[in-house]
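In what comes next, subunit A is part of two complexes: it sits with subunit B in the first one and with subunit C in the second one.
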Partner chain A sequence: MRIAIIGFGSVGRGVAEVITAKDTGLTVTAIADSKSGIIDHSGLDIGAILKNKKSTGMCGTPEITVSDIISSDAYDVLVEVSPTNAETGEPALGYIREALAGGKHVVTSNKGPVSLKFEELHALAAENNVMLRYEATVCGAIPLMHTIEHGIAGNKISRLYGVFNGTCNYILTRMAEEGLTYKQALLEARELGYAEADPTYDVKGIDAAIKLVILANAVWGMKKSLADVDIIGIDDVTSAAIALAEREDQTIRLIGEIDPANEILRVSPTIIPKSHPLVVRDTLNAVTIETDLAGEITLIGKGAGSSETASAIIADLLFIRDCYDRRD
Partner chain B sequence: MRIAIIGFGSVGRGVAEVITAKDTGLTVTAIADSKSGIIDHSGLDIGAILKNKKSTGMCGTPEITVSDIISSDAYDVLVEVSPTNAETGEPALGYIREALAGGKHVVTSNKGPVSLKFEELHALAAENNVMLRYEATVCGAIPLMHTIEHGIAGNKISRLYGVFNGTCNYILTRMAEEGLTYKQALLEARELGYAEADPTYDVKGIDAAIKLVILANAVWGMKKSLADVDIIGIDDVTSAAIALAEREDQTIRLIGEIDPANEILRVSPTIIPKSHPLVVRDTLNAVTIETDLAGEITLIGKGAGSSETASAIIADLLFIRDCYDRRD
Partner chain C sequence: MKLEMKDSPGQLVSVIQPISDIGGNILSVIHERDPEAGRDLLDVQIMCEIPEGSLDTLLSEYRIQGVNVLRVGEERFLVRRSVILIGHLIHTNISDTIDKIDSTGYAEVHELSMVMPAINEPSSAKITIKSDCLKDINRALAILRDVARVKGFLIIEPLEGN
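The block that comes next holds the complex of A and B.
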C-alpha cells in the first residue's frame, strides 16, 4: 500500500520513520510540504530525505507541489498532517476533499476539517468507496475511535465524557497537588512546553470542545459545530475551590461530556471523586464510554506528542491495509 | 453471516438476544447445549427458543447434538460458550478444533482451550483461512485484544500489567476502604456473588495467571503455560499490610505482569500508588500496555458478567463480518 505524506513537520517525519523502521508492508512514495515535494513510485529513501530536510529545510524540490502529489497516481492513502488553521480547516480541508474525490483513502491528524465538515467528508469517502480515518484528531495515542468502532462494536453508546485536554489537566493537577494558583501553574506549563504562549485555545476549553464536536458527529451523527458546545474554561478555577473539593476526597477536572438523550454537549470544570478513573495526573487524557452491554469502559493515555500522533496514524494506516485494502 | 451457538447458558442466551435485538446483519441458524439442539438454515426464532428453554430447560430436541451442528453446513461462525473445564479445556477444545478444521470461524469465551493450545489453534485457523477470536477470554468487556491488534497496531508492546481478577480486586478494595480482614471481605464477596463457594481459582491467582498465559502467547508468541507463571494469591494479604501501604498513599492490588525482556510472567499482590490508573475499585479490571510509540495506554472496565462477555463476543463477530467475511 503506497503512502503520500502531506506536511513534513514532526508528525509527518515520525510517520515516515515508523513506516521505514517497521515491517508494515507500507511504502512511502510521495512527500510534500509547503516548500517542496518528492515522488518516487518505487518508494522513497526516507533516511536521505530526513537528512536533506534537516540540513536544507527541504524534503524535495520546489518544482513538485502538494497539488502535484494529491492529483497524482503515486499513492493509495494520503496521510494529511499539514499545519492547518483549526477554525477554517485549511489548507487540510482542500487536500482531503481532493484526495477522497480522487478515490484515495485519507488519514489525518487535523481536527479542523473533521470537526467542520464531518458529514460532507464522510459522504465523499463513501461515494468514492474509500476510508477517511482520523484517530489522531481525538486524544492522541488513545485508540478511542478504534474502540468505539470495533472494540465495543454492537454496543449502544449512551454517553461519553472525559479529560480531553492535557494542558488543562496539567494545570489543575498542579493546583491540586501543590496548591499553586492558576497563574503559577500556567507559567509552569508554559516553561515545560505544555502550554503555548497564547494558551487561549487550551485553557478556554476550545480544544476540548472541538474534540467533542468530532465525537458527537462521528458517534451519533449529531451534526453539531463548535457553536453548539457549552464551554467554560479553567481560567476562573481558584486553588481555594480545588482545596475545598479535595477536603471531601474530590477534585476539579476539565470534563467534556456528550449525553445526547439529555441534549448535553459541554466542556466545564467539574467536581469529581478522586477515586474516579477519569482523575488522571499531569498531561494525560482519559475518556469514559457508557454502553448498554459493556457497562463503562475507560481509556487513559497520552493526548498529545508527535510520537503519539504518529502512533494513531500508523494504526489507521494498518487498519486500512488489513480491513479494507485487501477487499479489492 | 450465519452463527451457531454452542452452550446456551447466560452468555449464549445473551449473545442470541443481542443478535436478535440489534441490526447486526447476523443470523443465528443453530443452537445446542449438552441436552438438545436446533437448526434452521433460514434463521431461528430466538424469542420462542428462549421461552422454551425457560419452561422446559431445553433449547431444541434431544435428537440434535452439538456434534451434529458443528459438522453441519448451517453456519459460518461458531460461538463456542459451552461450560468448560479450564484445566483440560474440554469439551470446548474439541468443538473449536472441529469447527476450525471444517473451515469455520470461531469466537469463544472459554479460557481453557486458548490458554492450553494457543499455538495449535492459531495454526489450525491460519491453515483453514478462518479466524479464531477470543476477546471475551481476557478481562470481559474490556476490548484488550482489539486494542492490541488494531487500536495500537504498529506499536511494539514492551510490557503489559494490570488487575485481571475482579474478585480479588473487590476483596482488596474492601480491606483497604473498610479495614476488613481477608476473611470478612471474602465472605462479603461470596454473599454478593462475586466469589464462588470454592474461591481458590480466583484468590490463589490462577484465573489471573491463565489470562496472562493467553496474552503472553497471543501478543509475544511466548509459548507459555500455567506452570510458567510465578503465582502468589491474595489469601495471605493482611489488613495491617494494606493499612501500612495506605499511610504512604499507596495500596495493595493483585497485579499480573508480563515483561518478556526481563523474563517476568507473574501474578502477585503488589504495592502501588493510589494515584496510579490501575488502582480501580470493586470488581473492575484494568490493564496498562507499555508501547514504543503510544507510551502507556490503560484500559478499565468490567471483567466479568454475562452481558459484558456477550459484548466481547458480539464485537468479535462484527469484526469478522466487517474485516474478514466480505473479503471473499
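The block that comes next holds the complex of A and C.
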C-alpha cells in the first residue's frame, strides 16, 4: 500500500521512520512539507530525505506542491499530519477533502478538520468508498477509537471521561507533588518541551475540548462543535486549592467529560480521589469509558510525542490495509 | 431511635459511648423516667448522625451491652459534598456566599477551610455542604455555581460517580 505524507514535522518524520524500520508492507511514495515536495512511484529513499530535510529544511523540491501530490495517482492513502488550525482547519481540511473526493483513504492526526467537519468528511469518505481514520487526533498513542469501534463493539457507551491533555496533567501533577505554583510548574513544563511558548491552547482547556468534540461526534453522532463545550482551564488553579484536596486523599485534575444523558459536555478542573485510575502522573493521558456490557474500561498511555503519534497513525494505516488492500 | 435500659448510674454513658466510637454525632437525647411504670427501666430517645452503613454495628453493640432497642426511627442519609472555590472570596463577601446556601432550609455549609496566601492574591477554600438527600445537595450546588459566576470565582467540583 502506497502512502503520501503531508507535513514533515516531528509526526510526519516519525511515521516515515517507522515505515522504513518495520516490515509493514507500506511504501512511502510521496512527501510534502510547507515548502517542498517529492514523489517517486516506486518508493522514496526515506533516509536520504530525512538527511536533506535536516540540512536544507526541505524534504524535496519547491517545484512539487502538496496539490501536485494529492491530485497524483502515486498513493493509496494520504497521511495528513500538517500543523493544526483549530479555527478553520485549513489548509489540511482542503487536502483531506480533495483526497477523499479522489477516492483515496485518509489517515490524520490533525484535530482541526476532524473536529470542525466531522459529518461532512465522513459522508465524503462513505460516498467514495474510502476510509477516514483519525486515531491520532485523540490521546496520542492510546487506541481509543479502535477500542470503541472494535474492542467493545456492541456495547452501549453511556459516558466517557478522562485526562485529555498531557501538558495540563504535568502542571497539576507538579503542583500537587512539589507544591509549585501554577506559574512555576508552567515554566518547568516549557523548559522540558511539554508546553508551547504560547500555552493558551493547552492550559485553557481548548485542546482537551476539541478532543471531546471529536469523540462526541464520533461515538454518539452528537453534531457538536467547540462552542458547545463548557470549558474551564487550569490557569486559575492554585497550589493551595490542590493542597486542600490532598488533605482528604484527593487531588485536582483537568477532566473532560461527555455524558449525553445528563447533557454534559465539559472540560474543567475536577476534584478526584487519588486512588482513581484516572489520576495518572506527568504527561500521561487516561480515559474511562462507561459501557453497558463491559462495565468501566480505563485506558492509560502517552498522549503526545513523535513515535507515540506515529503508533496511532501506523495502526490506522494497517487497519485500512487489512480492510481494503488485500481485497484488491 | 428509642432505647430501653436499666435505671442505674452510668447507663446513659453506655448508650452514648458506642455512637461516638463509630464516629457519630449526637443531635439530641431525651431521657424520660416514667414513675407510673414502676419498673427499673428507663426509656431514652436519641437522635444522631452516624457514618453511612454503620447502623448495624451500633445495633449489635447495644445487643452485646444488653440495651434493648425499642424502635429505630427513619434512617435518613446525610449527604456531604465538598467543592473548592478559588478567587477573591473574602472581598466578595464569604458570609453572603455561605448564607445563600444556609438560607435554603434544605442544605447548609458544614465546614469551610480557607487559605489566603497574600493580600490581593486569590484565596482557595474547601467548602462542605450537607443535606439529607442528593437532590437537595445538587440544588444547593446549582445555587453555589450561580454565586460563583456572579462573584467571578472558580468552582472545582468532585468527579461524579455513577
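The definition used in the following text is that the second predicted complex is superposed on the first by the 325 of 328 C-alpha atoms of A that agree within 3 Å, B and C clash if a C-alpha of one lies under 4 Å from a C-alpha of the other, contacts with A are read in each partner's own complex, and residues count from 1 in each chain.
By our rule, contacts are C-beta pairs under 8 Å (C-beta built on N, C-alpha and C of every residue); 3 or more make two chains touch, one makes a residue touch a chain.
Predicted model, so just to flag it, every value in this text is computed and none were measured.
Asks: Would you sort A:232 into first (subunit B), second (subunit C), both or neither based on which partner it touches?
Replies: In the superposition, A:232 contacts subunit C only.
Asks: Per the overlay, which chain contacts more subunit A residues, subunit B or subunit C?
Replies: With both complexes superposed on chain A, more residues of subunit A are touched by B.
Asks: For A:74, using the defined touch cut-off, is the partner it touches subunit B, subunit C, both, or neither? Pick first, second, both or neither.
Replies: neither
Asks: A:252 contacts which: subunit B (first), subunit C (second), both, neither?
Replies: A:252: touches subunit C, not subunit B.
Asks: A:307 in the overlay: touching subunit B, subunit C, both, or neither? Say first, second, both or neither.
Replies: First partner only.
Asks: Is A:268 touching the first partner subunit B, the second partner subunit C, both, or neither of them?
Replies: So A:268 only meets subunit C here.
Asks: Which parts of subunit A are touched by subunit B and by subunit C alike?
Replies: none
Asks: Would you mind writing out the residues of subunit A in touch with subunit C in their complex?
Replies: Contacts found on subunit A: 161, 232, 236-238, 240-241, 243-245, 247-248, 250, 252, 255, 268-273, 276, 278, 290.
Asks: Considering the complex alone, what residue numbers of subunit C touch subunit A?
Replies: Going through subunit C, the ones touching subunit A are 82-84, 86-87, 113, 115, 117, 122-126, 154, 156-159, 162.
Asks: Hey, which residues of subunit B end up touching subunit A in the complex?
Replies: My answer: residues 18, 22, 24, 141-143, 146-147, 150-155, 275, 277, 280-281, 284, 286, 291, 293-302, 305, 307-308, 310-312, 314-315, 317-319, 322-323, 326-327.
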